[in-house]
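Given below, in the form of structure tokens, are the structures.
Consider the two complexes below, in which chain A is the common component and chain B and chain C are the respective partners.
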Partner chain A sequence: MEDSTTRIALAGNPNTGKTTLFNALTGSAAKVGNYSGVTVDVKRGTAHLLHGDEVELIDLPGTYSLEGKSPDQEVARQVLCGEHDQIPRPDLVLCVVDASNLERHLQLVLEILEREVPVVVVLNMIDLAEKSGLRLDPVKLSEELGVPVVAIQADKKKGLVELKQAMRKPFPPAPESLGWEKGDEDSRRAFGLATGELAARRPEAHSSNTSDKLDRVLLHPFWGWVFFLGVMFAVFWSIFSFAGIPMGWIESLQDWTIGLVEEAMAEGDLRDLITNGIIGGVGAVVIFLPQILMLFFFIGLLESSGYMARAAFLMDGFMSKVGLSGKAFLPLLSSYACAIPGVMATRTIDSAKERLVTIFVAPWMSCSARLPVYLLLVPMLLGGSEGGSVQALVLMGIYVLGTLTAFVVARILRGKLGPDEVESHFLLELPPYRRPQWGYIFRHVIERGWAFLKKAGTVILGIMILLWAATTYPKLESDDPGEVLSHTIVGRVSDAIEPIVKPMGFDGRTGTAILTSFAAREVFVGSMAQLFQIEETEDEGETRNRIRDRLAAETWPDGSKMFTIPAVLALLIFYIYALQCLPTSAVVAREAGSWKWAIGQFVFMSAFAAVAALIVFQVGTLLFS
Partner chain B sequence: MSHSSVKDLETDSLQSLSQAQVGCDFQIRQVEGPGCEQLRNLGFCESLQVRKLANGRNLVCSVCGTRIAVSSRLAEQVKVSPIES
Partner chain C sequence: MTDWQSWVALAIVAVTIVLFILRARKAKGCNSCGTGSCGTDRE
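This part shows the complex of A and B:
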């Protein structure tokens, strides 16, 4: 397995700008599969040195020490010690250090130096350090440590040429002797502190800076909460109100494409497949792209400005009541966008049990894929078209219901799992407030958007084509569309499952739409459009209205209304609770370390959803009749 | 024996970070307890200066210019002495 690739690892404490440096060095060649701000996985990319030599760059998760307990720290340790099963030991380690925190961050550098690898120390964010009055002396630091030290400003790409010069081959050797006793923690710590003081002279003890002043308000027991709730409200409000504009564009584009196809092709099965199956089905899902992008944008913004840590701080008291800590806040908040990055972000939680519980309940935070379903169903409850403050309130209620249930289940599950063997405490660095790094945020948003589109183009497209075929064949020559449909595969499946879903208020077709959405829940809207044979229209905004009108007019064979309020409520409840997302289950299996958790979670959530829908429909019918 | 009792006496006269007064600077004298590894990794080391910024369930303090939120139970494991100004 020997290969000639040169590997350079980026190591450092969390929040030192490793990822910014990684992006600056690799350009757009980065292979990224992780979560904003917090690098929880190893990222790899290709960079070119000054003379064009190609090297592989490995961005390790931030860690305070190589002896850390949490899984992300474990990964960093394994790679640096050459114990990782997929990544060979790096040839050079760039230790990224926040220049403002030299004393603290040097500890990790010293630990790495003990591993006898070639090291270049990168003093990052020198602008902030100097602004705070620190006087840095990289030359002195280099003398003390016995390795090259380069001062840079990764976000402004300053000092990168000097850094690349230091990365030239042959790599600087590991220092021959260490200024402290190897393996002796106290000696190492004392050396780190002394060196830090020598190389970065501080002005008079703490002076209050802007971040301190901001924190006085933002962490205030009362005003802090006012601000926090305001921020959360603003985020959700802007997502629901501003996203309407680009959604309209997508809709127009979809109608325009259908128009083109209809003009160019003669009527027939193929045209029907393209217009109703592919464009209609996939379009019904892609339309939610703007909302997903906006949610990721806001999360990136909160993360990058430094506010996310404050939110975790504020939420800690509340979260502790359900057996979680403030650190579970970030994973749960990102789960509102998508459970996948949410589940991955749980790696920053120290307690293994708390992490499992957070993974277990994360999919109950209503993710953006559920929105299409909510947006279809909520207006049906209120008997109007889309928009309006009552609907916004109902929508908010849906989010609150999912969240509250998640908390209750977390509480119960945490109690069942028992206390941790090693008690973990809340301990979190509150980074200084910074101007958001727009480039980083936008790149992240584009990645997530692309991932969503890829899913729409593969999984969802596939389901839509299959569903189209299943609603078309075998064909029956008849003028009655109902008779034609009941002759097809879907018609037969519907008949078979109707007895099972009828107690929840659904007929066989709705049951089939639910079945099709088990791989990806956003398929539901497209499936309903196909199953209830709703034709696409040229008029934008009309399609969803048509689905609703059609559903509102649907009746049972005895003539009674099919989509009564209890039935729509039951359908909503089912979608709030059911885990219908294969990619999430796959990530849960990977993160929890066993398929047992993923399967258990899937079965539990699906059963919970079915029982809740059953109760809502039955009780609702009693109350409304 | 006598050495340890002197040390005990010294420890007794120290206060924990969770009892310490907000807005004042302290010197960290002792970090001991089950969570001390975690604390040390974040920079709570003997002889460093710490300023306490806020009290509460989680208190906020500043070590080497970095703000850190730490649960008050954990902060009990950090013993400090006031710095005379």
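This part shows the complex of A and C:
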């Protein structure tokens, strides 16, 4: 049976607003960033045209050319040429171009026109182009190219009605003759430049705009870095300082719920499971929701304002020193939020060897799941309550340490893999600074917050229930809580692993909490709350710092302090380096094309974390004692 | 002596184990975490 679906592909250079247009036409909320490489996979959605006709929209990855070798360029080329095994050839291609960079963006349009498909050119971001003094002439452009041209402002949803009209059948035919020699790169480039100049006239005296003026400071070899570090510090300081109030609310809610359950139920296993296992364990993780939301808010703000691309530009020189190109920066940057999209974003890297190295080190960029662990341990290290600039500095140092280690390992690994067969070029466009798209930022923040809560309500809840069972069964009738615990599964596991983890400064319970967090690292906080709560009695005056206070008071059987500075440092170091995320390993196996890489990465990172923790504790103990 | 609370608690633990096993069998490729943390769960 013939497939009657009308397919329309969105193609264009990176950062032309394709994803914004895709969202505007389909009403979906795909992630939007103000830097290249956000779309590495093909997104598909349904759009409704003016008379209710349904079409399938295919958002292709942004690419500068169809002739490159990177996986994203391959995908775009395959779809446009009808060679993709899952997506049939589109009936129409919407070529999205940034009106401010017409000459350069037209090159891809001309390449697509050579493929003889019906094309509509979408001139996006006309407001910014006109603000910079350009005088646009869409009619002239249409005449020169022989295809319809529609001027729009995707973020403000202006021009969408005209665009939808152009998307109606019958589609404009592919131009019969081209104004340049087909397949000849020089002829194509010359035509593109000439057409671009005709359709977007620059004023005689080019006065520098606000973006240029800002870039003079923000991309300065010295002041650029000062600003970059200042921004990073402000982000970490805010995460520590502003989240206290909402965290207090979550905690009060937690205490209130526990009180309610204790009033309503008689003492027993179920009540214990609900209060200590579920509310106590899951609550210990959920309490970090405000900080996670803030982290994603800042990432969204930096992306959407255009600063993220400047950060990539600043880092490019640094990256080349470790054998990676600037193309590896964006995947690594994404990994600060979550290693999974980071690993997937490596598809934009042309060189297979550079791609493997980037995948290998990406999980060392501290992801948001590590944040709850850091937020628990950093104040313990400094011996104070949460907040303050010193803690923010330490937190920033943790991120820097993970990043630097990743670079050093990348350098070594890159050397071992040998040089590339194909030279890789990094082309990054600096978009103009824009007013942040608040709607998108907040939608993104809510989405990520919801994903975090969903995880807390499923995987983490499950692990907490199992952990409660492991700390309860098998039961022993005794009045001594220590004896009861050592009879349980956790007690036995703790005893068994204590000799292994003790040289790192941890007791069996901390070792067990580490074991429980191998599937998802944030589980560690809830596990510690459960494992160390057992011998404690009810304390009405518990505050937000209760886990920390409890841990700080813990002692070894000989009476010496358990969580000394070297021990907390060793624990921090372990969490900076260990790869405790099963989904990441699954994605690495898929992207690297082999489980060998995923297993190798897991073993290497776990061993590295254990050895680093061992060294830190042993050396630290020598220095502090 | 095992009261009703112990039975319910044990049942919850058993159901959790079964759900974990089912999840592990289902997990393959992307969104294997089921959290959609990378945004792929919309596909």
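As a working rule, the second predicted complex is superposed on the first by the 524 of 625 C-alpha atoms of A that agree within 3 Å, B and C clash if a C-alpha of one lies under 4 Å from a C-alpha of the other, contacts with A are read in each partner's own complex, and residues count from 1 in each chain.
Just so we're on the same page, a contact is a pair of C-beta atoms (placed from the backbone, for glycine too) under 8 Å apart; a residue touches a chain by one contact, two chains touch by 3 or more.
Nothing here was measured: the structure is a model prediction, and the numbers come from that model.
Novice: Just to be sure I read the superposition right, which of the two partners does A:189 touch: chain B = first, chain C = second, or both, or neither?
Specialist: Touch partner of A:189: chain B, not chain C.
Novice: Return first, second, both or neither, reflecting whether A:132 touches chain B, chain C, both chains, or no partner chain.
Specialist: first
Novice: Please indicate which partner A:221 is in contact with in the superposed arrangement: first for chain B, second for chain C, both, or neither.
Specialist: Once the two structures are laid over each other on A, A:221 reaches chain B alone.
Novice: For A:101, using the defined touch cut-off, is the partner it touches chain B, chain C, both, or neither? Pick first, second, both or neither.
Specialist: It touches chain B, and chain C stays clear.
Novice: Of the partners chain B and chain C, which touch A:67 in the superposed model: first, second, both, neither?
Specialist: first
Novice: Quick one: is A:430 in contact with chain B, with chain C, with both, or with neither? Answer first, second, both or neither.
Specialist: In the superposition, A:430 touches chain B alone.
Novice: Now for A:469: first (chain B), second (chain C), both, or neither, which partner does it touch?
Specialist: The answer is second: A:469 touches chain C but not chain B.
Novice: Which partner does A:313 contact after superposing on A: first (chain B), second (chain C), both, neither?
Specialist: First partner only, chain B.
Novice: So in the complex, the part of chain A that touches chain B is made up of which residues?
Specialist: Residue list for chain A touching chain B: 64-65, 67-68, 100-104, 107, 132, 134, 189, 193, 196, 202, 205-206, 211-212, 215, 219, 221, 309, 313, 316-317, 320, 326, 350, 422-432.
Novice: So in the complex, which bits of chain B are touching chain A?
Specialist: 25, 34-35, 37-43, 45, 47-49, 51, 53-54, 56-58, 60, 62-71, 73-74, 83
Novice: What does chain C use to touch chain A in their complex?
Specialist: Contact set of chain C toward chain A: 3-6, 8-10, 12-13, 16-17, 19-20, 27-30, 32-39, 42.
Novice: Along chain A, where are the residues that touch chain C in the complex?
Specialist: It comes out as residues 28, 30-31, 265-266, 268-273, 338, 340-341, 344, 447-448, 451-452, 454-455, 458-459, 462, 465-466, 468-469, 472, 520, 582-583, 586-587, 590.
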